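The chains carry the letters A, B, C, D, E and F, assigned in the order they are written, with residues numbered from 1 in each.
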Amino acid sequence: MKKKLLYAGSFDPVTNGHLDMITRACALCDDMVIGVVKNHSKKSRYSFDDRVSMIKLATVHLEHIEIDSFQGLLADYVKDRGINAVLRGLRANADFEYELQMAQMNARLFEGKIETVFLMTNPEYSFVSSSIIHEVFSLGGDVSGLVPDRVLEYMKSLR
Amino acid sequence: MKKKLLYAGSFDPVTNGHLDMITRACALCDDMVIGVVKNHSKKSRYSFDDRVSMIKLATVHLEHIEIDSFQGLLADYVKDRGINAVLRGLRANADFEYELQMAQMNARLFEGKIETVFLMTNPEYSFVSSSIIHEVFSLGGDVSGLVPDRVLEYMKSLR
Amino acid sequence: MKKKLLYAGSFDPVTNGHLDMITRACALCDDMVIGVVKNHSKKSRYSFDDRVSMIKLATVHLEHIEIDSFQGLLADYVKDRGINAVLRGLRANADFEYELQMAQMNARLFEGKIETVFLMTNPEYSFVSSSIIHEVFSLGGDVSGLVPDRVLEYMKSLR
Amino acid sequence: MKKKLLYAGSFDPVTNGHLDMITRACALCDDMVIGVVKNHSKKSRYSFDDRVSMIKLATVHLEHIEIDSFQGLLADYVKDRGINAVLRGLRANADFEYELQMAQMNARLFEGKIETVFLMTNPEYSFVSSSIIHEVFSLGGDVSGLVPDRVLEYMKSLR
Amino acid sequence: MKKKLLYAGSFDPVTNGHLDMITRACALCDDMVIGVVKNHSKKSRYSFDDRVSMIKLATVHLEHIEIDSFQGLLADYVKDRGINAVLRGLRANADFEYELQMAQMNARLFEGKIETVFLMTNPEYSFVSSSIIHEVFSLGGDVSGLVPDRVLEYMKSLR
Amino acid sequence: MKKKLLYAGSFDPVTNGHLDMITRACALCDDMVIGVVKNHSKKSRYSFDDRVSMIKLATVHLEHIEIDSFQGLLADYVKDRGINAVLRGLRANADFEYELQMAQMNARLFEGKIETVFLMTNPEYSFVSSSIIHEVFSLGGDVSGLVPDRVLEYMKSLR
């Protein structure tokens, strides 16, 4: 049986923390679907199309990856797509409590057929989040090394 | 490629929290090795042989599981045994910080070839640990439903 | 002396976590006032009247409970109503820090005459909050068992 | 119905944090039993008799308080003594996680008939614990204001 | 070499917690710059001019303090102003995680030339934040003792 | 006025996390005293003399550093030595709560004359502690890059 993993998020923008997670998880599954959230309740910083473009640029060198859009209930999406497990990254305690709550709710909605699996962040990226990257970048700070080079170029081209 | 997962611990004694973790992780891998720690620095409550007997009783109904003893450096063991990933359970923030530290240290020792993957505890067992089970049981309290029935019988037979 | 307990919240909507808290606290006091917040700073998902209707449906089987509306400063309300203690539920660390801050501030405003008492959540409902219930329900997910049946019917009738 | 509250601990030694908790909880119940733990697994700093003497000195001015010894399973003791609720204090996150675990385990053992209720520490005593008091006192540091005056005299008399 | 410390914030309004931090930090440096944030992303409760006036009232008795406005990237500001270290206060775990993230990001942007140093809050003010002060004050509650007297008068004059 | 900073610990053994803290703090003070704890309540892994030798090896390239032994009450030591501030490192929430407690207790004992100042760990060393280093090293694992090279040689020479 082939194992298909989902990594969903708004990727607003994708960071080297996300890319590290994707790269490491690739080795644990047969195929990975990256689900870019379309109807994220928080207004997104970048448009859906830009967020998809950036994650394509970030993962162009990786195989067995499909980039898809995702909206609505995660539980419906994973059933429709034949996903075996959902991947989440953990950086800090604040993440942990939110992720615990979501994983326990999803365990009910998944009816025990799909698992949420977690990887711990690489310490190098423990302080990296899309929001801090965006805040620093928008104030003119240097975020090279924290987002993939091609993504940084894309971000600069939109300014 | 077959995926082999390691779940290591002292299982002193094995609880329904452990068993829930094992059962759910079975669906994510091809084979699972349960590594019962032999040289645990904390003195164990039950002998190594009793701990192995209990985990065998707990998992007798499951397939693709091998129970092995484990001592020394985890990084050496996983390389020797051809493990692809190490499984850990997460219950609470206190777990999280310790597990984050161990996973980041092991990421170095594993040289990026083996991952530590985490599952969140089932809320039903969020307060269950080997030490609280042992404490309540040794004071004569009822722990049925928190350890597998066959394990509870075994624990009673040792009194 | 009769002990009167206040359980205040926005109940937007009331969940089985709230109901568990109310049921358990009933055994600790003589009377309980459920104070439905009227001027909650966050915009509420359901109207004040709907939130009151739902909590009435949820507690119709319980005695010694009065449902009241509440706005303004908690310290003023509890003095006006002759409350002896304020009840709060604790689920997770994130709750804890906020609740510690509020309880310490209120201890000043209560002038040592009224206490804030806490009960720990039932593990079965540890991941249940009004916001996650609303999010899943509004996306069409199944929340039965997490809100009282009569409340779920009410929620469906408003769709 | 009269409400009887239990406050159990090793009180090794009793601090002003404990006394603040006892004083505040007195107003919430009809009677309070202070259960001094006899068989505490950690070796105690002061003998059982000294710990009882110190808590008697600390609470001599309070009414409706009974000081008792306690050993074995808490659930057995509270049933035997007709306790309605168990009181615990919360200072910090580290307390919270341990207390959540114990309260959820005890909820099972109490069979829903007895509750664990929590009060938040007074910020003035948020950093006060028996162990830090003992450590500072034994190194000759000044702990006045952090333990009741009569308890401090008693501690000095034992040097 | 003279050590110049920056304490930046929105001070919306300044509290006795802030003032305690400023007073204690004065003893650790030669000069202190208080940087009142001008373009804070959250809409401020008080106007920039009112926030500056209040912090001037709060610190009028202190020497070697300069009150300045601050906007844009912190890293640029500290280089421009010849700051040696940035001061931050820590109250609770929730603070800690956010501060850890910001300090690690700023360490990159500061290129190792400027440090972020932390002081722990005085327990007396552990529950005091600008937002809780504002919430209680705006509902008519008594916040005396939690903000400097002159600041409280100023706040009342604006009602 | 010259600022003298104390960095006290058991350094059992000193790690690159400690060294990073020392190097960064040097830039914030005029002189630094490294106080190697002599009477540490936990039995130390390395002898006092070995711990001193290792920290000397680790800091041989740094100026304005004095290595001293320290026992008894910190508050007495800092007064005797004319220390202006005590330095502590923060890695994780678990550190934070312990450090908050110690800093608040010491603030009393220091009578407001000496401060405890904190630096956040470099993310590169966030998972590094003396105990995990010792555990991995004693099981034959590779800890190069996590302790200074000269310290690692010293540790190997003692095997």
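Keep in mind that, in the parts below, contacts are C-beta pairs under 8 Å (C-beta built on N, C-alpha and C of every residue); 3 or more make two chains touch, one makes a residue touch a chain.
Computed from a predicted structure; not experimentally measured.
Of all chains in the assembly, those touching subunit B and also subunit C are A, D. Separation of subunit A from subunit E in touch steps, taking the shortest path, is 1. The equivalent interface to B-C, defined as the listed pair sharing over half of its contact pairs by residue number with it, is D-E out of A-E, D-E or A-B.
The chain with its CA mean position farthest from that of subunit E is B. Computed centre separation for the pair subunit B/subunit E is 47 angstrom, with centres defined by C-alpha atoms. Chain centres here are Cα means. That of subunit A falls 38 Å from that of subunit F.
Per-chain Cα centroids separate subunit C from subunit D by 29 Å. Rounded to whole angstrom, the centroid-to-centroid distance between subunit D and subunit F, based on C-alpha atoms, equals 35 Å. The set of subunit C residues that touch two or more partner chains comprises 93-94, 97, 100, 104, 123, 126-127. Judged by the touch criterion defined above, the protein chains form a pattern that is neither an open path, a ring nor a star, and not fully connected either. Applying the touch criterion to all chain pairs gives A-B, A-C, A-E, A-F, B-C, B-D, B-F, C-D, C-E, D-E, D-F, E-F. Note for the complex: subunit B touches subunit F at residues 72-73, 75-76, 93-94, 97, 100-102, 104-105, 108-109. Residues of subunit D touching subunit F in their complex: 92-94, 126-129, 132, 136, 139-142, 146.
Those residues of subunit B that touch subunit C in the shared complex are 93, 123-124, 126-127. Residues 3, 24-25, 27-28, 84-85, 90, 93, 96-97, 99-100, 103-104, 107, 112, 115-120, 122-123 of subunit E are the ones touching subunit F in the complex.
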